[in-house]
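Here is the structure we will look at.
By written order: A, B, C and D. Residues from 1 in each chain.
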Amino acid sequence: MSKRVAIVGASGYSGEELVRLLLQHPHAELVAVTSRQSAGQTVAQVFPRFASHPKAKALKFTEPNAATLAEVADVILLALPHGVAAEYAVPLVAAGKTVIDLSADFRLRSAATYQEFYGHPHPAPGLLESAVYGMPEVHREAIRGSRLIASPGCYPTSILLPVLPLLRAGLIRPSGIIADSISGVSGAGRKAEVDYLFCECNESVRAYGLPKHRHLSEIEEQLSLAAGQAVTIQFTPHLMPVNRGIHTTLYLAPTTAFSTAAETAALGEKIAACYAAAYANEPFVRVLEGKSLPDTKNVVGTNYLELAWRLDPRTGRLIVLSAEDNLLKGASGQAVQSLNLICGYPETAGLVP
Amino acid sequence: MSKRVAIVGASGYSGEELVRLLLQHPHAELVAVTSRQSAGQTVAQVFPRFASHPKAKALKFTEPNAATLAEVADVILLALPHGVAAEYAVPLVAAGKTVIDLSADFRLRSAATYQEFYGHPHPAPGLLESAVYGMPEVHREAIRGSRLIASPGCYPTSILLPVLPLLRAGLIRPSGIIADSISGVSGAGRKAEVDYLFCECNESVRAYGLPKHRHLSEIEEQLSLAAGQAVTIQFTPHLMPVNRGIHTTLYLAPTTAFSTAAETAALGEKIAACYAAAYANEPFVRVLEGKSLPDTKNVVGTNYLELAWRLDPRTGRLIVLSAEDNLLKGASGQAVQSLNLICGYPETAGLVP
Amino acid sequence: MSKRVAIVGASGYSGEELVRLLLQHPHAELVAVTSRQSAGQTVAQVFPRFASHPKAKALKFTEPNAATLAEVADVILLALPHGVAAEYAVPLVAAGKTVIDLSADFRLRSAATYQEFYGHPHPAPGLLESAVYGMPEVHREAIRGSRLIASPGCYPTSILLPVLPLLRAGLIRPSGIIADSISGVSGAGRKAEVDYLFCECNESVRAYGLPKHRHLSEIEEQLSLAAGQAVTIQFTPHLMPVNRGIHTTLYLAPTTAFSTAAETAALGEKIAACYAAAYANEPFVRVLEGKSLPDTKNVVGTNYLELAWRLDPRTGRLIVLSAEDNLLKGASGQAVQSLNLICGYPETAGLVP
Amino acid sequence: MSKRVAIVGASGYSGEELVRLLLQHPHAELVAVTSRQSAGQTVAQVFPRFASHPKAKALKFTEPNAATLAEVADVILLALPHGVAAEYAVPLVAAGKTVIDLSADFRLRSAATYQEFYGHPHPAPGLLESAVYGMPEVHREAIRGSRLIASPGCYPTSILLPVLPLLRAGLIRPSGIIADSISGVSGAGRKAEVDYLFCECNESVRAYGLPKHRHLSEIEEQLSLAAGQAVTIQFTPHLMPVNRGIHTTLYLAPTTAFSTAAETAALGEKIAACYAAAYANEPFVRVLEGKSLPDTKNVVGTNYLELAWRLDPRTGRLIVLSAEDNLLKGASGQAVQSLNLICGYPETAGLVP
């Protein structure tokens, strides 16, 4: 059955991708898009890229209004800044609607952690318990039964999907994890700030948000759940001059020591088996084989995350690398995966050609 | 003798290049830099690129104030938006100072044309007569004796230097000139606007300002002066994803018809001779030979403009191509050329390694 | 009915796009891909981007062989260099197969013109008469009935679609046409040449192929057919640092003079009506309205060409601008349009989400 | 006294930068440039960027020949692939010349380690003992007295300058060091390989050379010398779409535990003091203060390396970040620093404006 879907805050980069995915979705029906600054314009006018799509010519942006949204839509996707998203989630959930929130507002179970990392009290702590972290590979069944999905952040997705299976299998230690990530500029959003001007980003690479980036909170919470103990990690994000894509390099400590070729091969088999068990049947996670290493250009524009791993007997470490499109598997694509699960559509609907 | 130089509006891209050129200038002394938003910070703080230069660590940005500037400096460079520049130029010229204005405020002789193209009355029409268009290859002697220099725009420089010698020599018709230009994004300035965000410019090329870009006014005025008759041209600027550089392709109609190989060769000799007469001794204009064509990457970071030309016997047209750094020969480098001329320094001082 | 399709020379950029389009095509069945250097590898290995597609994992590249291709496929797409394509086209056409050639080998009716522009005798002049220039907007019916399609070049597409309707309607003069184009680097192909290394193209813009680019031959032949007289044009291609996209700016002379606002408006109505008649029902040509101008980023990844036009009463010229993806509407997408027509599929099959 | 300098292998990216630096050098005299493929052409023809420099117009590339080089030059800079460089170094050193080698041939003291990492026997093991690792901040006096300088690699420079002072001061443990680096594409050289084409690198980020990159050998040897014990590190290089620049993020374990604010501040003071002692008087190392973090765009085109550090009390780690131009401080600029030291010129000659 076709569900009516609305997108709130559809004029940013994640919002634009949600619009694209839903314009081409075989089952869901896009019924409303809202944006304060674009209200009154058609989707075709705001996004010339979609100008030839019949619905883009017909559908107009409106001012966001929770009551109206509750009337016209069954599922509401929120592509809003944190803090603002909750303002819409609260009345919409109360009205019995399904909300998929792409902001950070409902990703943490602890309102205290939210305040620590986001600098203000949680706007709707009462909803935290019922929210489900929208990572289908980890919480598929919970997503199916939920009315409030907290769709994961882009960096967390690139880190959690490679680390969680290893941690759950006890193959790596929960301490000492390092995640070194490089992101394209769209991760900063469509904001008019000097720092993200073309000439400030082009021919530049730089770290930022050191050493306590906000995304740490949800990464550590999910890792801790998987490990059954508190996990603290090191995370360094970098900005590079591409539009889209996140590449993450993870430095991990196997629980089994290895240095000879035989020990390395034996451990390698366990890791391969662990990833195969976790992802062989997952539609959107690709474990690379042979000499292949992840490259953002192979996943940009798709909902796939690809990963590869190497054991280094010189240092005793396991290196895992991942690549994803920060706006798709890292945001809007993953949100549509949740939408598909909730609505009973095939999980890949609208996400593969 | 060392002149004291100040830069007003030094926090934009042209201002930053002026700072760079004057920090390394062998004769001029940079004594003041102003910027509303950066006042109180050192040059080293505002421009980390210059952080190791002793003067950059010592010199602080101040609020712009004409009276103060008149006290501390002999020459004042204005890197301000049009309309604003005149507010400083008027009192500084009145105080007997030398002003080199990088804005459009004094580039036109006619206040009426200014109003037509810039949309507001000229802020100081009384100064227009005494201002000199600061293109040393064309107005060198006038620049030497002037107190008010209107430094040319970036597109006009890329068009005028290739066209003026041909027009003066009567080798091309003054009608039907087409200039098709492609500019890097720094031409738009360091302004926080969505249109110039990295993701909006990267992997994109687009025309803009069609069909009546403001720079047309000064281009046509200079061409008309050279032709001795009113000249109207076609000009299409495009934006491309590079930081710096302008490439211009000019479509010109020779006054002599040519179609045979002999006619083409004969006309080619005249054109070569014309350019040699104009530029063989010019330090910053390079006429390419053989199969070479201009490439912005060969001039970016320098004050050189390079040009090449081709006769097309199939169409009877002369094609001339030029490349320059929009922030140097197209703005700050050319302004320092004028500064050198006015101060009696070697014209290339601070502009060649 | 599902047709069996093979791609010869599938390892270049156009070939890769053909593979992508056919992997997702709802009706055609991709049965063979050939490439000397990739023979023996799966599509998934050669193009990691498609690694999750079931057919990409199964289908292996083979050595190209006309006899084998004739056995396994109904339609053969040739993504080969000019000169080489004919070697496959001749036996395949003789075997009764349908050939869609993306090279220049069959785009011209005259073997003499081919020799003039390509520097060697035409390899199969006997086939020229039966070949159809594969531009559906112009030759749709002929394509439907043809066995040999010469799919147009990328620059020609960006020039012909904007110009042909105006020329046929007599709204512009056939003489004096100027086409100024800017292309992304994929237009140069996946060739290991120093000129196309990242560092040689990044932060660079340059013209090339002046003044007699090979694509002129097919542009002029098609324009001449439309005008009913020989047409010679000026064409300047430029290279810019983007992966994909061509932007073309056309300078045209209307047959009707205009200078007053009323005259301009009247002519504007005729042009608008001409484009509406030509393209209102075309699925892949978009005539922009209002203040919008073409931007390659709005068409890259799609089979759309977008265009806009401006009358300039100052110069009496009509400026038309177009943008397309050089690998899609400029190559592989247009070829699939022809494939759809020939096979009786909906023309947009596999080309719109 | 002016020394006569020759550059062997001057047509690559490092060679081009050596040419640029020596054309503008106030004391050294560039007397010869060699390149097999460019022999017979002038520097101006091979590098259009230098076309206006008088010497570039006069000086011609020659075929490389050790005997001839020994006649015309006092100092010979080798910008050649490893393995090839030694072929020239051996006879030139034997002829009493000073050789500054930018390849890896003489960077290691151990011929066995060379063979392990470079895959072939060392071509001139007898010279290893006399070679000096040309990092002036570490081996300044030894460089002054040497005839054979092994100029450091680009990644090693970005790692060693931040790590060595901390290691020597005992502030960090020699075990567990992780270096995560991101490099621009010029690091791969001016080689015609598909992997480094514009379209293969643009809009892409990927790791490579995992887990045992060749540069590890010289990094670990220098770290071991400083630590007085064998040091093994983890090193992951990544490729990003910029022309120039390396950004390195280092994960280090302080020898002193810290978690309270007071402990963190106390340790921070020691680190600051350590870096101040090492670099306050170094002309080309910049330790950033306040909130500033390294950004490649602030050092590209210069010989500076900038670094910043952060203590993370959550994880107990010290994060150090560095940025440099891989072709300057990472290659040719550092080589000219050594040249200046050997020739008795000011160390910054030709390297600062």
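Note that a residue touches a chain if its C-beta (ideal position, glycine included) is under 8 Å from a C-beta of that chain, and two chains touch if they have at least 3 such contacts.
Predicted model only: the values in this text are computed from it and were never measured.
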item	value
Between the pairs C-D and A-D, the one where more C-beta pairs touch	A-D
Remotest chain, subunit C as reference, centres from CA atoms	D
Same or different contact residues where subunit B meets its copy subunit A, judged by the half mark	same
Gap in Å, rounded to a whole number, between the CA centres of subunit C and subunit A	37
Rounded Å distance between subunit C and subunit D, as computed from the means of their C-alpha atoms	46
Centroid distance [mean C-alpha coordinates] between subunit D and subunit A, Å	39
Sites on subunit C at which at least two other chains make contact	200, 202-203, 241-243, 295, 297
In the complex with subunit A, residue positions of subunit B that touch it	13, 184-186, 190-194, 196-203, 241-243
Residue ranges of subunit C in contact with subunit A within the complex	23-24, 48-49, 51-52, 203, 283-284, 286, 288, 292, 295, 297-299, 301-302, 304, 306, 352-353
Subunit C partner contacts - residues on subunit B that touch it in the complex	178, 180, 182, 200, 202-208, 210-212, 232-234, 236, 238, 240-245, 247, 249, 251, 293-297, 300, 310-312, 314-315, 317, 319, 321, 323
